[in-house]
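Both of the next two complexes hold chain A, though its partner changes from chain B to chain C.
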Partner chain A sequence: MTRHPTGFRGLVLALAALTAAVGLSVVAGALLFWVVRLRIPDLPNYLLLATIGIALLPLLALFRRRFPFLSDWYYLLPATLFLLAFTVYPIVLTTALAFTNFSGQNYGRPDRATETAVAFVAPSTLRFSSDPRQALQCGDRCVGIQVEVYGGNERSRLKVTGEGPTTLTLDRAPSFASAAGAGQLYVAKINNYRFIGLRNFTYILSNATTALWPVFRWNVVFAAASVITTALMGLLLGVVLNDSKLRFRNFYRTALIISWALPNIITIQMWNALLNQQFGAINRMLGLLGIYSVPWLTQTEWAKLGILLVNLWLGLPFMMTATLGALSTIPTELYESAQIDGASPWQAFRGITLPLVRTAFTPVLLTSFAFNFNNFNLIYLLLPQGGPAIPGGMATANSTDILISWAYKTAFRAEGGSAYGLGSAIALIIFVVTVGISMINFKVTGAFREEAR
Partner chain B sequence: MRKVLVTLFFALFGAVFAQGTITVWTHFGGPELAWLQSAAQSFQKASGTTVNIVTVPFGDIKQKFILGAPQGKGPDLVVTLPQDQMGEMAVAGVLEPLDKYVTQNYVSGLEPVAVDAFTYGGKLFGMPMSAESVALIYNKKLVPNPPKTWDEFLAIAKKFTTSDTFGFLYNETDAYFNYGFFRMEGAYVFGKNPDGSANTSDIGLGGAVGAKALDFIKALRYTYGLVPDGVDYGVADGAFKDGALAMILNGPWSLGDYKKANLDFGVIPFPTPPGTKRPWGPFVGVQGVVVNAYSQNKIAAVNFAKFLVTPESQVSFNQAGGRIPVSKSALAKLQSDQVVKGFSEAIALGTPMPNVPAMGKVWGPMADALKLAEAKQDSNTTQIASDLVRQIQKGIAGAK
Partner chain C sequence: MRLARTGLGWLLGLAVIGYGVGLFRSMVASVPHRKAFGSVFIANGWLTALLTLLGAVVLLLVVSVVATAVSNRVRGRVRTPWPLFRQTVTHLGLWILIVVVYYPVVQVVGASFDPRNNLFSFRQIKSSNVLVRAKVLPDLSRAGLENYAKLVEGVIVPTWQWVLIVVLAALLVLSLALGLARRWNPGVHGLERWQNRTLLSFAGLLFAGLMALSPSQFTGMSTESHFVLWARNTLLLSGATGLLAVLLTASAGYAFARFRFPGRYGMLMVFVFIQMFPGFLALIAIYYLLSTLDLINTFSGLLLAYSGGVISFGTWVFKGYVESLSPSLEEAAMIDGASRFQAFLRVLLPLAAPMFVFIFLLQFVGTYSEFVLASLVLTGVKSWTVGIGLYNFTTGSFSTRWGVFAAASVLGSLPILAIFYGFQRYFVSGYTAGAVKE
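And now, the complex of A and B:
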């Protein structure tokens, strides 16, 4: 057992040593990969990870000999690397994209509508058969734009530095310009994306009254109402099912947990069919009772109610199980002594069950709120188009859309037109809102305070 | 260790052998998918190239292709895409221009509307395989004589609108199905520039004509009582398959299933009501095979695409599913087919969907406008139509 250097200095030293080890292994791994690829040209790129791993192991052993205290950190290393790769990196990327106009049409790839057959007349001069400005659709001047020159499976990205009536001069000559294997060469303009500052955010805020604000309001209402309804029903059923005098108790428990056991991808779409106004089973049953067919899913208020009902069905087992778990920790002696003292069952419930369940329940409620706040599956699968439209609103933010489904549709659905930059900006707003709500939650409820003490 | 080596060996072996394989994404299902699979098998026999067919949902293809193709994760070709998605994908750089692979003979053998549909920026980006538009499909068992006029249509539709049958249903909240009604009032999506390309700053869906179209669609629900709330594509299609629906507005892609359900059906253009500016005219979609610009195996991919779009293939594809061929000689062979004739008449009345990227910003707002107009009997269609144009303009302008 060796002593770890203490204080801030120790932390910096350890982190620096770890970073150096990982950095060196990346260099060594890349080198190793390159050497292997000289022998096997078809090596898939992901094997780079394997060569880095191979390089990392001896390096870690070597570093440990020099800094013996590092072995403590080795336990953390895999988890940290995964966290960096799958949590920190996407966050950084999303943040960066939120300030660009990255989209299907500004994609940093050659615009094939401008593809033109060309030939090299000099190592870095292209000859066109007509005016390059028209062929590449670059307006008055082509100088300064980026182009891709390609032929066969070769491609190279270059910058235009000069232009003539039928020629363009490039900043350098691509390696394959004179190679015979490339065949006919083509050039196309790159549809670059660029930094646009806060314009994505001003666009979102300029639509605040028809998109951001109604969507946010419904998002909070949806999450809060889902937590309240599932918690109350779950508590009620949990208490009832906890009664050992109840016959067929296990049967009820099993039956009520089914909605949790089935994949919700399927059940939510089943609900979509069940709630159809004309042909759904729900309205058929209501019709037998003489109730006029309810416009579930097609009128704003009913659609919202429908979503909450489906979410009650989906979320109930979780709350019920949590209640049953919390109830099983309450010693039966408490109830026995309450009975001896002459307390009514209701008094026992208020005085014993509720306070003792509350401590176990608070984190469950918070988790449930956070989960429902971003409950994409339910919202998107039950009503893929976001339910009834909001007058004057955006097609990506309809009346039952929540922030996350709005962001998804903006970036990935036809309505949004592949606006990845704008979608990232919405995602960033969700991030800020979620962090804010969680902080308020923790503060108000005092959950997790014990751990902090 | 030995196990690892063996696995590694097979992985590398597979990578080497993958040279002779092409991957196809398709949104076909049922008999059309079976047709594609058998076409792939005969191509495999003739050329030795293995064809992997992957089914991808229609609505996901564009996104997955744009994101995946530059990373080497795209298919070698897609069978098939409609032209309204093609412009955006061409600009995003994932589609291979096909002019260099096709002959003048091939192009002149196609219907001109199909060539126009797949020409963007003066280049051909796909090999057209089939055309489609919606038309009125009627169940001959219920409707022996198809309606020739609007009044006849209304009389038949009302006669069958009972407690357990329906006279006329369609996907009333979808822009594609409703465009014909906009068209007959004189509305259009984009105007034209002098050179014939789409002028995306001239949007013709608003104003009095847009409001009139929305009023008509609303009347189908409230005045004539034909299409109740909550009817979507699945409901209408299902009712027709069950024989409980007399007439439906649907496209050739549905015919395979109708044949499978042993329905005797006929196809005619929707009868235009009196007092409109033009005859009813649907959106004409042309679907074509497109090739991935990042494909490592373009020659094989293009060869398979050519194999799929020959006139003979188009005829057999029509027989499998029911989509309308775009090759002149294939159409000539199917001259006597009444279904092909009905759809061809509807297509002749229609306008091709614009293939510019801005078209992607039209569908969502149009669906919203339809939903808003149909939600209430007293909805303000003038306001909804002007909101529609504003939303499209906003979408096209984006966050620039």
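And now, the complex of A and C:
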């Protein structure tokens, strides 16, 4: 064991040393990569990760000789580096995009719809056959926008600095402007995304009554109802199967775990077919019982009930197992002494089983709530459209959508126009809500209480 | 005060139940009076079903009363029939539950053997069984393997792979036989070891065989004919993700459990909370990162994209597990001259094997069902996973591909099913040992 510099100073010292080691290795790795690439030109970029790794190892050994206490931190290094590169960095980028209008239209690439044939009349002046403002769809003025000029194998991004009736002046002359044999040249406008401040958030808030609020309300109701239904059924089943006098109980335990043991990507889509109103097996079964076809996936309330029933099917085995695990920790002597004292089975259940199960169950319930709150697979695979539309609402936020499926559809589906900036803003809201739930979770279960020393 | 709180609780509960009942009644009233296509509609069929159930319960009551009376007479003792009655009714209820739980599975397995895509068809089925006629039970009169054949259409299998398949089948049969032999002769000790060996060599050979598959073997024109390739891709990806999770979290979890360095609590917070950002919504950023690194449409790229998501949970669970182990073993090793790292490597890691199995399996199962990130990074049918393929079946043309979907579902479920039942012990104990501390 080595002695650490204590307190805040120790933390800063360790972090500074680690940052220096990693930063130096990135520089050295990039240099190494560059040198190797001079010899082998078509080297794939991911080898950069390897060269950084190669540079990191001796540096870490070197730093450890100078700061022996760093060796404790080295245990955290692999996980931390992966977190930084593949979680923190994407999150930072996504957060930044939440304040832009990045979307399927504005994504920093040339807009092919504005492609126009042009020719250079001077080294930096383009001539159009018609009005460039119409051809490039830039409204009143084209000055200030970015365009891409391309032809043959050449392409160049330029800025428009002046305009005439059929000409545009560019900020510089591309190298191929004067070269003969470049062939026909084209120009297209580049739709850049830009910083729009809080406008994504104000948009969400101004449409809150038809999107954010109903989606959030259903999100909470869905998560809470899922936990309550699965927990009650799981508790019941667990208590029944915990009875040592019941024969074949191991068989029942094994058999009833099936829905947990199948991949949910398969079972949820299977339920989508089974719940079909006209053809689904569930409605045909109900027909045998003299019940008319239930609009499981097409009517708001029934769709919500269908989601909860499917989630009950999916979540029951976990809750059953959790109950059995909790019950197995209760010593049987407690029940025996209760029986001797003349307690009825119901009194024993209320007095012994419930209080003891509740302690073990609290973290399970809260974890289950947090999981269901973002249960994307269930909501999106069971009802890809999100159920019936909310009157006057957005195309991406329908009546069975939860926050995460709303964000996904906004950012990646055609009905949301691939509005990635807006989707990122919703993702930030989800992040805040999830962190809030988890704070409550940790507060209630005291998971961090002993850590906070 | 206590009384007021209890009363308030009851009132609240009643209000919720009352609201639910009212909502349900209005929902029932809103159901249009239409019947499902091709269904058999029996008016008041629910009454018949209920009466049958009641009859069964009464029958069980009579049987238990008679059986108890007979056994009381024979053995000369006095016992009430209620325990027996309760036991049998419990069994009845559990069997009804099993039927309900397995019903969708039966439907899908049945559909996978039915080449006629019966899901969205108006076809009438002639059968003497009313359940088959109502299409509530699958009609197996024309059962065949056509749907499965479509999944392997145009796959060229060289001789050595046929040999491998035969060897694999033999190993599987052998291990099943050993399992049965174990059940019949519980006393014999060597059997378990041999069964484990055959199972291990089965898994190893299967994995090696799958890895040796080449995309050029798949010459079928249809999307679904690449299923075996998808299965290979999925197993490779899930396995690698599970392995990466173990590798990345072991040392971090150990450090959090055993070391007391300044900033430990803060780092732990960062590790846990950073993961609450909905990961796959950072898709664009991840896509940008991967394309900068030339890793689009590669498994390593997707693996790196998953790596961020595996760390938090694994670290937390492993930390909990290490804390439940006594540090005395490592301390003894260090007194004997081992360094801290050697103690971690040689003493702790072997002890923590069950936890590694748990973390690995959980990531394996989780990755198996992931399709959003995968469908973005992996373009092109040959690099799809089972999840992307199945999702592709259901978008748009579910009606014509229901049979193929069912067959792919059955085959695609088998690995997870086998893993789950094979390692059930680890799933149950993992949750209790790491996640739920007492």
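In this section, the second predicted complex is superposed on the first by the 356 of 453 C-alpha atoms of A that agree within 3 Å, B and C clash if a C-alpha of one lies under 4 Å from a C-alpha of the other, contacts with A are read in each partner's own complex, and residues count from 1 in each chain.
Convention: contacts are C-beta pairs under 8 Å (C-beta built on N, C-alpha and C of every residue); 3 or more make two chains touch, one makes a residue touch a chain.
These numbers come from a predicted model, not from an experiment.
Trainee: Who does A:195 touch here: chain B (first), chain C (second), both, or neither?
Mentor: The answer is neither, since A:195 touches no partner chain.
Trainee: Just to be sure I read the superposition right, which of the two partners does A:259 touch: chain B = first, chain C = second, or both, or neither?
Mentor: second
Trainee: In the superposed arrangement, which partner chain does A:48 touch: chain B (first), chain C (second), both, or neither?
Mentor: After superposing on A, A:48 lies in contact with chain C but is clear of chain B.
Trainee: After the superposition on A, what does A:71 contact: first (chain B), second (chain C), both or neither?
Mentor: second
Trainee: Of the two partner chains, chain B (first) and chain C (second), which one does A:389 touch, if any: first, second, both, or neither?
Mentor: In the superposition, A:389 touches chain B alone.
Trainee: A:34 contacts which: chain B (first), chain C (second), both, neither?
Mentor: A:34 contacts neither chain B nor chain C.
Trainee: Examine A:213 and indicate which partner it touches, taking first as chain B and second as chain C; both and neither are also allowed.
Mentor: neither
Trainee: For A:277, is the partner it touches chain B (first), chain C (second), both, or none of the two (neither)?
Mentor: both
Trainee: From the superposed pair, tell me which chain A residues show up as contacts to chain B and also as contacts to chain C.
Mentor: 44, 276-280, 295, 299, 412
Trainee: Which of the residues in chain A come into contact with chain B in the complex?
Mentor: 40, 42-44, 101, 103-105, 107, 109-115, 117, 137, 153, 184, 188, 191, 196, 199-200, 202-203, 207, 276-280, 295, 297-299, 385, 388-389, 391-396, 398, 412-419, 421-422, 425
Trainee: So in the complex, which bits of chain A are touching chain C?
Mentor: 1, 4-8, 10-11, 14-15, 44-46, 48-49, 69, 71-73, 75-76, 78-80, 82-83, 85-91, 93-94, 97, 102, 237, 240, 243, 245-248, 252, 254-267, 269-274, 276-281, 283-295, 299, 301-302, 305, 313, 316, 321-322, 325, 329, 360, 363-364, 367, 374, 376-377, 381, 384, 404, 407-408, 411-412, 420, 423-424, 426-427, 430-431, 434-435, 438, 448, 451-453
Trainee: For a test of understanding, state which residues of chain B touch chain A in their complex under the given definition.
Mentor: Touching chain A from chain B are residues 11-12, 15-16, 59, 62-63, 66, 70, 87-97, 100, 120-123, 125, 173, 228-232, 235, 238, 293, 296, 357, 360-361, 363-365, 367-369, 371-372, 375, 383-384, 387, 390-391, 394-395, 398-400.
Trainee: Can you name the residues of chain C that touch chain A in the complex?
Mentor: 23, 26-27, 30-47, 49, 83, 87, 90-91, 94, 97-98, 101-105, 107-108, 119-121, 130-131, 134-136, 247-249, 251-252, 254-256, 259, 261-263, 265-269, 271-286, 288-289, 292-295, 300-301, 304-305, 307-309, 311, 315, 340-341, 344, 365, 368-372, 386-387, 390-391, 394-395, 398, 402, 405, 409, 412-413, 416-417, 420-421, 424, 427-428, 431-432, 435-436, 438
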